[in-house]
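When the chains are written out, they are named A, B, C, D and E in that same order, and each has its own residue count from 1.
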């Protein structure tokens, strides 16, 4: 069992090596899809076997790695991690499925994605600071090249901005890690990067605040929180579809995951102290970026801003210091992973067919690609928190939990419900519904647009079906997530 | 043996050292810069010998010997390079060898 | 078994959505009707059970909220089961009607339309039958979505897509309040189940309860198109007429009223909130009636009338009279649907090209059955004895006069205007001149029987429904006396309204066009709904969009991203300055080094 | 007293000549000034009782190194240098305050420090043997490794001067032709 | 006399002698063989390290061996050997064969190797000068290339300023302490302070820290690229191993921390800023070296085991990464017409995927991305700084290193993301270069994943 987890983490990396060695396009595609499916089924198996009533981490594997620095190979999952892992592995299956038609340097493409998968899975399952940071940074390079090599016009700018920005954040994180590890050494005389080792401490307030800010900056950049968010729209706009999917669905979650896994349990007092700050930033993120979203004419940029807005809800719920809110925040991570993946897939599909992301160039697509219109609608509904889809449960839990201690904040944050509907439907109207803006030439040309192909449909179905399952029967998911929330909140 | 205080040696040494540095800053000709460098190295020797006299030791003198030898070696290499530059470029002034900058 | 009430439209929806393209539009339509009909039958059955003994059905555990387990379920009591029956009945009838109405569009993916209708019915039943607030919210949003999709059904038209967007967003504003109402109630009662709430309603803090009620009422305001979230309802008429009839007259918009009635114990315990309900309802009733008097769009007049009637219902609720509100809701469902169907019939006769009453005229010659149906509906709406509207409205009038003379006068005024505007529409369309002549070559003709039969059925209901007043009061456990004086008064007021309309539009006592010219400012104000719509569109929505763009261009691009992007030139610029030190000349190197050494020495000596 | 006098004399000579090294325009005069500095410093060495160093200074520096310079100056036609300014005036002016400042700061430092510096233990030994013997002894015992290193340094200096300075026959011609 | 302690140096010296003699009697055609032989000399010294008993002192305590400096020597020998392996082909292709170059680097390494062990300023002075003069020569020896001569001259003059500072510092040390041996001297003596400033300045000059860095960009750019690789790796390692030992005698001065901090801050920020304006990749790497000098100097800001261990780990691995990247550049430079201008690197990935990926790997290592070993260095450095309560310095390091990411990325952008037309012949990697690259790559990656292999060896 515990080896299964490690197997799932490193299988993609091995696959990447194979892809790099064999260099056959079809082989790469089949292997990537196969490996990611295997990983998905492993994760599903682990998820189903997860015991939500047991305390602590499960499937734990610990091997001494660098004894002199107190670093060990230590992996394991709690409820949040296994949920995120399941979502991640699903998203990667979808990303590979979606990319089956990639022709440009596809070997490298698949190798990079496989490496990225290892990094992403690793981040969520690492129980050692060093290992965590290894995976955390390890995701930078593949993503950099994915954006830089397969992106659109301003790919270099976007890739560099992505890299420098996130690197900037993560060095702060590194310093934060170093600080608490050294503190642990100073008071116990034992140098250890082990997460569980550090869980037992209560740090002095000063250290907590400093470390919280350092960690927080690292996470905030990745989430991204306002005002360090501007890399995200650019990265999304330029990234290839599968890249955007992974970026939105998985990479953004690393930041919020970090808040829940590290900031809250390690620095409880500082977390309480900084609640106003975080809440303010979250509210700005929710409202301000919703405004930014509606101001866009570029669909991917709009979706990117909507992601930031939703991550604002996650941070709000994370720091509401309430079980339900935290459940909701974690639930939102997964729900948003699904919905944003589907949204980016829709946008990418539109680009594939019509070669434009601009609303001014689009319209009336419902008539030409009706299946897409349906899936686009469903993904959008999942995103704006429509009941019956995963997003609603998350939003409801967050608002419910936040309202308990911070009714005004929660109520103001609730305006996001309205604004998100406004920007999504505004976009939907202009892209899918309205036809009056279209020129005759376009209409003529679009008459023969090809609707979703099989692999597209399959990808969408995987994502949307999951969103439905999570929206209609959240009980087991919330129970599993609650396993994390309880220990994080110290209950 | 009446001794001259260390301060005197120090002062002299520093004056000479400073002049050497000053020479390196203001001289244009590559050879004269090398000579200014010799001046600076000699200034060090003065200090060593002075310190020896002050301390009644001989280690400083040994050091001074080494400095002399080293200065000679450095001068030899430096002059070799100057000649090589001159052969290639026909220049002998530092403001003419500024190909690399920034 | 009771779950089948919900499941049959749901299954119809799924079947149509998944296989609609394959089985064709007609089959889809039939499936949809079948789903509605089955649902109706099952609800009748459930009603029969519920009347004797309320019961609830637990579906499944939905969500663990800390210690509390939220499970979804259905609750059947007289109120919900009767409403469910009414809803399914009206829906089925309208589904049938829509086969005729949409027939000319068959072959153009019209199965979507039936899918949406089925989805709507499912969601509506969820509202009606849910045993907890979250379930209500599920349906609440579901009908919102269905309404969005149906309003935007002719999405290639800008009008329709804009209207659908507006409807959804304004509904979402209401939902925002509703959601927080749910949240607030959860903390008040520790549960979301309606039964639990009713059980504990007397034990909680009144102020907080009032707040929760107001928040919940916010949702109702959005859904029922009350002030100030009203502008979407008239615009929603861009959808196909059966949709207007079903969603925007008979059922969906009434969901707000139903919800308040459903949670009435909560509201009752917080009288302050009821006062707000009454105020909003009364204002809306007056406001919408005024707007209706000056509109010329066939459907919009009826839409404003709907708003107005909903306002009356809220007024009744606010004044503490749940029974009359709910009864009016029921009768209103019949006669308003009837009115819409008649209007749809007119529009259908003109091949969907006519939208304004002045483009028609003298249709009674061509469409007698439609004329009759419209007349029945209008008389019911005007509250003329013995049509159903009389019975239900009379109760409200009575309640209003009971509470305060002012409320009574308000209701009377509204009733007067109601009678006036609906007959104005009727007289212009079915009497008067044939305005359509110069545009239409062919003559309009009566609609096919698939449309006519539903109209007839509804006509019958609109006539007889009023006689069930006593029975209805009985099942809700309320008995109200009929006040003869009030009844006479309201009939007189209604007749007066009709008379005025008759004099103006049939006899031509005053030329309406001239009157409009003379009262132009007033006319415009009323027609523009006191400029609220324009204010919302231009100032709120337009302003939001404009400022979003401005902030995007300034704060986002210039300030935040500007700072971020400026780091590169800044670093490069600083580097360019530092770079000057590396000038390439050995002397300068020596100089800088000496200077640097001097500085270091300086620091060393003077650092304390 | 005489020692003082001689010391001052040599110092004055050294400083004046050093000024010559720095300031004179003609490279030949500069070499001569350098020579004079070196001789003066050798004199100071003698005054300080470091006969061996003084002698070696005279031998290595005054003879060998200076010959080097003269040799190079002939190889690199020094007349060319006279055609241009021999100094950078701006840098000179800029660094003018720099050097006194350097002096001032260093003086400030060591005037405080000298008094506490220790006195050595070789005094007796020195009187017993001559300076040369002592240094020789220490050179071949204590500083044996250093001595070997110096030989290597000199070797590399020599080799370096040869391989860099020698005419790179084939390449150079290839490039010019 | 304990000759045992001197075995590695003796082997090295003997090797030098042997090469020297062989060189005298061999002809040009034996150049390859000679080069190969010389490259194996450090390997022999490396093996001989195993026979050294430590800790020990010899030659009247002038020369000391202990676990730490033996490790330093091992790193030095490996680096030298690798540098020599990678050198041969470059000179042949550049048509600039100097048979002397087979032993000059060995001499330089010999000097550095003695430096690491020396406990006396005389020895420090001489060993450092031996290596310096060798390096001046190595920089200047590229046939017909005036840039290398210019670089050599600038290096020599500024280097000799450093020499005179070192000598002056030694003189002050001597005058204040009365001995040329390093010892703990705790009196409040301002002469001692002055000597500290001067010695630190001189060593900073050799380590190319701002404001004594001026020779670095020019020498690095002008020197033949394999020599640049040598310059950026071998002397750095030796210097920091030496500085760590020197630290023990000076750290108690309160100005020490201040001076080191000022030097390192200046270095990191100055270099990271200026690197952005560079057009030549080689010169950019020179500035990167200066920036890294800033990072490394932080490691000697106070005496703390963790900090120094981190520093030594970091600098050793940095040397390998640096040698590797310069080797790649020299491979590329062998193609006629190639300058190191960024535009010449455009689209290189299409032509040489392996080489480019390796280069990118080294560049990412410089940025500090795991799992490359330099990351562990940075992390442990952070930990050390936090441990010694030098939080502001840690923050500065953090900011500086995130600034630095940008210019490395520029190179990577040119390598991967820009399209370039084919202008050069394909580059051929010689066996020696391939070996060097392989070793550097393996060390950088493997020690990143299993840092304790080296980390545990660093025993202070």
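By definition in this document, a residue touches a chain if its C-beta (ideal position, glycine included) is under 8 Å from a C-beta of that chain, and two chains touch if they have at least 3 such contacts.
This is a predicted model, so every value here is computed, not measured.
Colleague: Please identify each chain that touches subunit B as well as subunit C.
Modeller: Touching subunit B and subunit C alike, sorted by label: D, E.
Colleague: Provide the labels of all chains in contact with subunit D and in contact with subunit E.
Modeller: B, C
Colleague: Tell me, please, which two chains come out on top when C-beta pairs in contact are counted per chain pair.
Modeller: Top-ranked chain pair by contacting C-beta pairs: B-D.
Colleague: Which chain wins if you rank chains by how close their C-alpha centre is to the centre of all protein C-alpha atoms?
Modeller: A
Colleague: I'd like the Å distance between the centres of subunit A and subunit E, where a centre is the mean of that chain's Cα atoms.
Modeller: Their C-alpha centroids are separated by 42 Å.
Colleague: Please report how many Å separate the Cα centroid of subunit A from that of subunit D, as a whole number.
Modeller: Between these chains, centre-to-centre, one finds 69 Å.
Colleague: Per the centroid of Cα atoms for each chain, what is the distance between subunit A and subunit B, given in Å?
Modeller: Roughly 64 Å separates the two chain centres.
Colleague: Cα centroid separation between subunit B and subunit D, in whole Å?
Modeller: Result: the chain centres lie 5 Å from each other.
Colleague: Residues of subunit C that contact two or more other chains, please.
Modeller: Residue numbers touching two or more other chains: 579, 582, 584, 586-587, 590-591, 594-595, 597, 601.
Colleague: Where in subunit D do residues touch at least two different other chains?
Modeller: If we look for residues of subunit D contacting two or more partner chains, we find 88, 91, 95, 99, 102, 106, 109-110, 114, 117-120, 143, 146, 150, 153, 156-157, 160, 163-164, 168, 172.
Colleague: Quick check: what residues of subunit E touch more than one other chain, meaning two or more?
Modeller: Only 122, 126, 129, 133, 136-137, 140, 144, 149, 152-154, 157, 161, 172, 175, 178, 193-194, 217-218, 277, 406 qualify.
Colleague: Going by the touch definition at the top, which pairs of chains touch each other?
Modeller: Final set of chain pairs in contact is A-C, A-E, B-C, B-D, B-E, C-D, C-E, D-E.
Colleague: Could you list, by residue number, the parts of subunit C that touch subunit B in their complex?
Modeller: Within the complex, subunit C touches subunit B at residues 579, 582-587, 590-591, 594.
Colleague: Note which residues of subunit C are touching subunit A in the complex, please.
Modeller: Within the complex, subunit C touches subunit A at residues 60-66, 109, 134, 137-138, 141-142, 145, 148, 152, 155-158, 161-162, 164-165, 168-169, 172-173, 175-176, 179-180, 183-184, 186-187, 544-545, 547-549, 551-552, 556, 560-561, 564.
Colleague: Taking the complex as given, what residues does subunit E use to touch subunit D?
Modeller: Those residues of subunit E that touch subunit D are 59-60, 62-63, 95-96, 98, 100, 104, 107, 110-111, 114, 120, 122-123, 126-127, 129-130, 133-134, 136-137, 140-141, 143-144, 149, 152, 172, 175-178, 187-194.
Colleague: So in the complex, which bits of subunit E are touching subunit A?
Modeller: The contact residues of subunit E facing subunit A are 364, 367-371, 375-376, 378-380, 382-383, 385-387, 391, 394-395, 398, 401-402, 405-406, 409, 413, 416-418, 450-452, 455-456.
Colleague: Give every residue of subunit B touching subunit E within the complex, in rising order.
Modeller: 6, 10, 13, 17, 20-21, 24, 30, 33-34, 37, 40-41, 43-44, 47-48, 50-51, 54-55, 57, 59-60, 62-63, 66-67, 70, 73-74, 77-78, 80-82, 84-85, 88-89, 97, 99-102
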